[in-house]
Amino acid sequence: MNLEFLIPLLAAAVQSGTPILYATLGEIFTEKSGILNLGVEGIMMVGALAAFVSAKFFGSPILAFLIGGCAGAFLAGIHGLVCLDFQGNQVVSGLALTILGVGLANYLGTPFIGQAAPGFSPMPLPVLSKIPILGPVFFDHDPLVYTAYLIPPAIWAFFRYTRWGMGMRAVGEYPRAASAAGLRATGYRWAGVLVGGYLVGFGGAYLSLAYTHLWTNGLSAGRGWIAIALVIFAFWHPGRAVIGAYLFGGVMALQLRLQASGTHIPSSLLLMLPYALTVIVLVLSSWKRQGTEVPSALGINIEPSE
Amino acid sequence: MRRAMFFWVFICVFAWGVALAADTPMKVGFVYVSPIGDAGWSYAHDQGRLGIEAMDGVTTSFVEDVPEGPDSERVMLNMARKNYTLIFATSYGYMDPMLKVAKQFPDIVFMHCSGFKTAKNMGNYFGRMYQARYLSGMVAGAMTKSKILGYVAAFPIPEVIRGINAFALGAQSVNSDVKVRVVWTKTWYDPATEKEAAKSLLDVGADVIAQHQDSPAPQEAAQEKGVYSVGYNSDMSKFAPKSHLCAPIWNWSSFYKEMVEKVRQGTWKSESIWYGLEYGIVDITPMGSMVPEAVQKRVLAKKAEIASGKAKVFVGPIKDQSGKLRIAKGAAADDQELLGMTWFVEGVAGTTQ
Amino acid sequence: MFRFKIKKRQEPLVWSSCLVFLGALSLSLAVSAIMLALQNKPPLTAIVLLFNGAFGSLLAIQDCLIKAVPIFLCSLGVAVAFRLKIWNIGAEGQYALGAIGATWVALRFPDLPWFVVLPGMLAMAFIAGGLWGLIPAVLKLYMRANEIIVTLMFNYLAILLLDYLVYGPWKDPVSFGFPMTREFSTSAIVGKIGHTQLNWGIILCIFSGVAIWIFFKYTRLGYELKASGENINAARYAGLPYHRLVMLVLFLSGALAGWAGFLEASSTINRLQPGIVVGYGYTAIVVAWLARLNPISIGIASFLLAGLRVGLEHLQLDLQVPAAFGGIMEGLILLTVLAGSFFIDYRVSLGKKS
């Protein structure tokens, strides 16, 4: 394990962790308001396609990135409609949303397969990228990786210090009490669903604009499910989500690098590494923990008052 | 009297039916393992299907994204029940289900791609992609400076292993101490993972990236790093114009046309077909301008030799990774050995599991 | 100003719920029809084709039943866990492990007669799937690890384990190195019923369904489970053995999914290969909740969903509708049916704004 091996590995960890990080943060935001959205995979796909198509037509990656988010929010809005207005079961609605989103993206995206569109390229930050070790690992990426650094502290501060953030947490924990205190519980939940969907859409957009610059069917390839797992792994804390996403991305990159350096371990066993490690780290970190951080009204609909 | 009338009515209806049957177009069905939008394997087959769709008196249809288990059996059964004349299944795992269905419908012709089982009404077919891979290996071997080639590979099945070996042999034929490093992604199309795999190969010093994957993501990784790449399935140069050396490609169209003609004329018989460069079912794209004239000439000369049968790819002495002699000096591997190849040749780093 | 007034019904609708279901279904079919018309496909023909392909003939119904078997068993399994509010997302992996367990027996004892091998496979699939469910239960109870993430990760691990086995130790020596095990001997194959396409696995489904129904309706343990699921704290105060219940439901849940894996490997593929894992475990979760965890409704829902998927294949074959369109239709149908079930529990009336 010398530095020549380690630095590219850590840099790869950050990059391959970034799409998962966006999605995880989005899902944390949604779940904090008490809505469980299992449609992350579908939302990412639709976000990725929308971003790619907009980049192709408008030529502006930044605009495309934002549109990718909007597409994500739109799809998440369907989940909001079904669960918040029609009291639908959040698990079924989320899973159905995955089926719908993946189908929609693959269906509408077929004409765009094999085409090229503009995207983001690596843009080393002037001074920071010169720092030994930390520089190449954290500050020699595309701009969207840097944007991802800003979101976790923002979410953390939002939930901790702002009135809206505290209101949203209250709705996620005790919706009845929150309503009694005069908060519009449904409104907060709508905000949680839409903003969360927006961030998950970013995760998809990252895949088609920065990670690769192309669109194919099944682009997100299961990353949405990993994000859902990482939300729990992070105990709903944005800071731990960063660790989780980069760790997962890092182990994925590590197993590929082990293969590249000529190991003789069967590839199926190497591929188990990221999943096994997630379980092990989760077990170790939950073991001595008191109480759970899960929003207590997660997945439970607010029944309309008489 | 009444009986006679029935008889005549019957004859008329029968004749009408026969006339109709002669007019009805031949129905050809395809079963694909992935969506045709995978830009790779199934896409290449679908291009072949469009070729026969253009023929007179032939209609085609396909079902895409069919899992290899019981679903594939049902899809083929339904094609057979709907009176398809000829059914192509284009993934290895369809072999047993197709065999089961073929037994139930002896009048329908079944063709299975990449397997080894046949029946009276079921043949199999494949292309000698390894020949084109060998040529692309020659190009890569001539262009590398670090003498390390990277190979992003999908699943450790014989088809892929054979391709890697041919690629390595081709490279070694022009540059004897070239090493090939292999990374398995266990996906056919997951662009992000495939790009990451290519990057991991670049980090261990590879300066040409080849791939057995459907997405062009490894090409992108090579171009970003400023090194060369070898594509697959179709010409991928538009994704990485500066680094794309060449690509071994599929061309199913003429083969499918031939099969349709044979079935239509009643000359089809069950056999195992394994065409190569001579038929054009596999080929290599025109090489990029960065490939020196001399190398291009050498590769094209080799292509002509292989196509004419003068040269073969797997000719001994060939040793495996552990140094054991697998193909004796002067001997050529037969098709059985090629079909079941599960070992890497000397100079390939990686595992075949 | 008028506004909708929403009132919870005293008793949820029973028979009228079919009407609600049909209404929701027609809405989603109408949307799909418009989308089909937009791509110049005949919408009415398409819907007739969809229906005929799924339920229009005896052969079609058999196809659907065969397809419904694994969905039903997995769904029954996860529903058992959901009763106790245990989030078992891991049916996919438990299904894979069941297939692995059954295959082990089939490969290890190819020469024994069927009345020894098949029960052995049945038992091994039950145990293997069950244990794969039990591990998350133990981790949850004694290490406080959340079961959603553990079961989800265990899916990936199980699939990779299956991969490892068929690419490595269990690879068939005569299949030219392709990733599949040897074909099972005839004694390890669940046979077909008479001259139909159906296999005896259907009987296993009926047996499991009835057993689970009786378990929840008539046994003390089943009652305790339901009670604990409705209010965990109250159940704990009442001295119900929560730990044991969690382990029991996750084991049972995994075992049922394991049976699904056994049936797929034995009766339809006759060997183990990576293509056996196709997402039934996730479908099962949708089915279970849509059927409100009721075994009979699960049976109906699995059959209908299987029918939809089979019918969509016909749509692809005859009208060249892309496979992805099937996903759109399935998603739409699920979402509208779900949203429609609102009217089963609530009464909506137009009233004056107060």
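A, B and C label the chains in the order they appear, each numbered from 1.
Keep this in mind: a contact is a pair of C-beta atoms (placed from the backbone, for glycine too) under 8 Å apart; a residue touches a chain by one contact, two chains touch by 3 or more.
As the structure is a computational prediction, the values presented were derived from the model and not from experiment.
The interface carrying the most C-beta pairs in contact is the one between chains A-C. Ranking all chains by how far their C-alpha centres lie from the centre of chain A, first place goes to B. Centre to centre, using the average C-alpha position, chain A and chain B are separated by 37 Å. Centroid to centroid, with C-alpha atoms defining each point, chain A and chain C lie 27 Å apart.
Across the assembly, chain B contributes 35, 156, 186, 353 as residues in contact with two or more other chains.
For chain C, the set of residues that touch two or more other chains comprises 163-164, 167-168, 322-324. Of all residues in chain A, those that touch two or more other chains are 106, 110, 217, 266, 268, 271.
Listed in rising order, the residues of chain C touching chain A in the complex are 6-8, 139, 143-146, 148-150, 152-154, 156-157, 160-161, 163-164, 167-168, 282, 285-286, 289-290, 322-332, 334-335, 338-342, 345-346. Across the interface of their complex, chain B is touched by residues 53, 59, 63, 66-67, 163-164, 167-168, 175-180, 183, 264, 268-271, 273-276, 278, 310, 313-314, 316-318, 320, 322-324 of chain C. For chain A in complex with chain B, the residues that touch the partner chain are 5, 8-9, 12, 16, 19, 106, 109-110, 113-114, 116, 121-122, 207, 211-214, 216-219, 221, 223, 252-253, 256-257, 259-268, 271. By the touch criterion given at the top, residues 34-39, 150, 156, 181-187, 189-193, 195-197, 199-201, 203-204, 206, 214-217, 220, 224, 238-239, 349-351, 353 of chain B touch chain A in their complex. Listing the residues of chain A that touch chain C in their complex gives 42, 78, 81-82, 85-89, 91-93, 95-107, 110, 217, 225, 228-229, 232-233, 266, 268-269, 271-272, 275-276, 278-279, 282-283, 286-287, 289, 294, 303-304, 306.
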